[in-house]
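Naming follows writing order (A, B, C and D), and every chain is counted from residue 1.
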Amino acid sequence: MLAEEQRISMADRLRADFPALHQSVNGRPLVYLDSAASAQQPSCVIDTVAEYARHDHANVHRGVHTLSHRATDAYEGARDKLAGFINANSRREVVFTSGTTEAINLVAQSFLRPKAGPGDKILITHMEHHANIVPWQLVCEQTGAELIVAPMDDSGTLDTDALYALLDERVLLVGVVHVSNALGTINPVEDIIREAHAREIPVLVDGAQGVPHKAIDVQALDCEFYAFSGHKMFGPTGTGVLYAKEALLDAMPPYQGGGDMILEVSFDKTVYNELPYKFEAGTPNISGFVGLGAAVDYLLGVGLETVSELEKDLLEYMTARLSELDGIRLIGTADNKASVQSFILGDIHSHDLGTILDHQGVAIRTGHHCAMPVMQFFDVPGTARASLALYNNRDDVDRLVSALTVAQEMFA
Amino acid sequence: MLAEEQRISMADRLRADFPALHQSVNGRPLVYLDSAASAQQPSCVIDTVAEYARHDHANVHRGVHTLSHRATDAYEGARDKLAGFINANSRREVVFTSGTTEAINLVAQSFLRPKAGPGDKILITHMEHHANIVPWQLVCEQTGAELIVAPMDDSGTLDTDALYALLDERVLLVGVVHVSNALGTINPVEDIIREAHAREIPVLVDGAQGVPHKAIDVQALDCEFYAFSGHKMFGPTGTGVLYAKEALLDAMPPYQGGGDMILEVSFDKTVYNELPYKFEAGTPNISGFVGLGAAVDYLLGVGLETVSELEKDLLEYMTARLSELDGIRLIGTADNKASVQSFILGDIHSHDLGTILDHQGVAIRTGHHCAMPVMQFFDVPGTARASLALYNNRDDVDRLVSALTVAQEMFA
Amino acid sequence: MSGAGDSEIRELYRSTILDHARTPRRFGRMKNPTHTAQGINSLCGDKLEIYLTVQADKIVDVSFDGTGCAISLASASMMSDRVIGQSIIEAMSDIELVGDSLNGSSSATLPGSLEALKGVREYPSRVKCATLAWHALGAAIESDGSVATTE
Amino acid sequence: MSGAGDSEIRELYRSTILDHARTPRRFGRMKNPTHTAQGINSLCGDKLEIYLTVQADKIVDVSFDGTGCAISLASASMMSDRVIGQSIIEAMSDIELVGDSLNGSSSATLPGSLEALKGVREYPSRVKCATLAWHALGAAIESDGSVATTE
């Protein structure tokens, strides 16, 4: 445990690493409270990407010349870093995708679609992001399988008993979000995985909001699939990871066809490449993953324990300060939460709130947060959401609260 | 037409814009002759990407705050640039993908798969890249349709009569490469499209090697689909475009599900977003496309006419110089060619050639170039390939030729 | 409130707007509309339904319901004030005028009380809110039953 | 030839290597092998088939065919020189030794005439060529009929 002053000086030091935070917006120093949508990048990531392009770029895997070799080393080096970051058993289990969304679609099409049919079920929760809903709806349409949904309560806590009661032999897969981007709820994925496995049901964890905030150990979790995005963990956009157990990947048909995912092509017969390449067709986002490798180094340098602690402390502070406001309704009040607070302020529409805050240099997200079923559950058209990352501090929260007060005055 | 000195000074000026070219490799100034695999980026692209990350990054489309607005403007601004670049009728026809490979897979799964069945045919040519073979093989496996192949001759020229003879009412789509990456052949896609349309068959053009070298006008071509990659046209990796006619996109089901591609999600019913967003699920490669927009500006600044002219001149020079070498066999000698020359030197395996050239600072590609059927056709395990871009000059070609002479001596 | 450009945000949320947003005119479902359409702003989840009674090419009645931010509700309310009694042709021309004027493609001033919407020009991300009702009105007039969006 | 590091490339393509590559020993299909496996290097399209006759845990005959670069052919040829007459256990230990030594994970010297391969260490992209035959040999010994690759 860090003492309070240590936390404060730590956060200030980290903040200095992120150039985008040091600017004025509408005449005020920027307060960035939208990291759950996309995080800012530290200089080391931005510079790594640029240096790669300036010195080392070439296509990967197929070249014998020096640049191609350097590019391949940098790209595959990033895979090793990511494998270590989530403690995968092997780099063969780390499939690079364009993001969480593609990772889940890959599982939906290559793992689930071939085995799904009428009567089969896919079980998700009521607090999923669209990325963990729509891919399954598409498979259901394609195969006649059915999407079923485990409920949550008014605090945004998953009803795990109800979820377990839905686990029957027709459930082909459980898809559950690790940390809800709309509510901040941290789901007990360890328990869910254990219960699902007791019934031999595989589990996909949507970890988009997991990886930036806490240490992930996929072997300890023992999930079949874990999906996440680079741009939410301080890396470049257009990068993501599907972790999957090797035996499953081995048994799955490829997702896309093209270069790099094959060993041999003729018009009669095509032999697919080894893992993970079987699932990486075409020229990958080389510079993006090289940058993501740098983001992993950065996060490990700070230490995920430190990140969790800083954010937990700040989230408590933010929730307390927001609660002081007249007429505020906090959405998402589960006991176990991370880095996100959604709310509604009186009868001010979240969109108006967003504009008025932006006018004061405070960036929050407003609307449905790609989780419309959550909005339907709470019967609101949208919420305002302030989300934290390792670079936020108490001053940011104070600025948020005073900007909200201004909005209240304007709408008084 | 530029005079020779103009061409030379132009190429030198352009070369100065590409930082990666100004380095030594193995003690010699780098000669980069591998742009067909992946092109280098001009400073303006590298800087645009870095500046975006330093000042303007946020998630797109869903935010009301300033950074989100700037990011959306930059990202959607890039779409407008790309629409203009290929003269699309509307920005709705410009779908952003991770590359040519994903673009073709999208067409295979969303356009073709729903309508294909046993007895249906997909017609491609013998000179396709794996990216325009394997996606169709996957669809054939999934649906029972059949992949058929139009032949070429010993020069690497497509036999268009044979292709036309294969166009019957069971052909659902013609897929043809605009410029072959292995052979350099420029195919008469205008004629092929006209003949296919006369039989009401839609055409996909694999333009990966088209866009960096000549002006493309998709409305003049009148093709249904045109696919290309950002990293081959001096933009960042992880970016690509599927151009498609709006009416086709409208009728196609989405490819991937997730955020941004929907208007409304509930567990019962999901309403898809408008074009092109229906086909862009999840957070896109924002910085990559912002960089690609800068690459378009750069290319238009140079002028595609100039690019074609510079490259045509240099290709002629390279072919002439290579022909001087004892025991050289040029692979790909069609009349109408662009920017690429494959060859075999005596009985030196291309891979050994690649290493010996690299040792002298000359980067070429060796192997099958993701076009194994082409290798099978010429009955070679692979070729050496030198490919040109707007930044190459005669000195590069001379260095290539003298390095090849050294290899000959070593293997003499 | 401190910070630069206060006048701009006060202009956006001027009292006319706040008043229309709080007590929108003609808010509610219409019994037997001749024309109707929905407008959705995917950005913020705004959703309006527009109801029209058109007789002999004239809008004899108009109402709307749904949810939205202050800007979209105010704009819908002011729209209903404006178009009631108009001919279809007049309404179509207003739709175009409002769209062009707010997204900056025309410098034409907004007619009558719609002038209150002009502050939105400084907030490009909010233009879609202000034009949502107008898009939906256009869709209702064409009445193919489709969903209008503000993309 | 000019440029730095000439000695390195001469070391890679030293005469032993070029000689083995030009006239590979035991090149050709075996009639009735007891074990066989294929090795593919997806990088450059090298493709070797290894044939073994194993009797009482001893490699009494070995041959190979296929296509490859000088490095992979020379390595296969030298391998056949080396393992003929070896016990399976000896061969397996050589496979490991060659792999570790060439990819740099061990500083052990290469046994006997295999020493000629050591120049490849300076060319990481070519290590796969040099180890291809050895991978395939290992696969042949295990003989589950699968394709060995050098990834």
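Methods note: a residue touches a chain if its C-beta (ideal position, glycine included) is under 8 Å from a C-beta of that chain, and two chains touch if they have at least 3 such contacts.
Only a predicted model underlies this, so the values are computations on that prediction, with no experimental measurement involved.
For the pairs B-D and A-D, the count of C-beta pairs in contact is higher at B-D. Note: centroid distance chain A to chain B, computed from Cα atoms, is 31 Å. Separating the centre of chain B from that of chain D, both taken as means of CA atoms, is a distance of 36 Å.
We define each chain's centre as the mean of its Cα atoms; on that basis chain A and chain D are separated by 45 Å. Here the CA centre of chain C is 76 Å from the CA centre of chain D.
Multi-chain contact residues of chain C (touching two or more other chains) are listed as 43-44, 125-126. For chain B, the set of residues that touch two or more other chains comprises 26, 62-64, 68, 262, 264, 351, 355, 366-367, 372.
Here, these are the chain pairs in contact: A-B, A-C, A-D, B-C, B-D. Of all residues in chain C, those touching chain B in their complex are 40, 42-44, 124-126, 147, 149, 151. Considering their complex, residues 19-20, 23, 25-26, 30, 32, 34, 37-38, 40-41, 45-47, 49-50, 53-59, 62-68, 98-102, 104-105, 108, 129-131, 133-138, 147, 149, 229, 231, 236-239, 253-254, 256-262, 264-267, 270, 281-288, 351, 354-355, 357-358, 362-367, 369-370, 372-373, 376 of chain A touch chain B. Those residues of chain A that touch chain C in the shared complex are 26-28, 348-352, 355-356, 359-361, 366-368, 372, 375, 381-382, 406, 409-411.
Those residues of chain B that touch chain C in the shared complex are 61-64, 68-69, 73, 262-264, 271, 273-274, 277.
By the touch criterion stated above, chain D contacts chain B in their complex at residues 1, 3-5, 8-10, 12-13, 18, 43-47, 67-71, 123, 125-126, 129.
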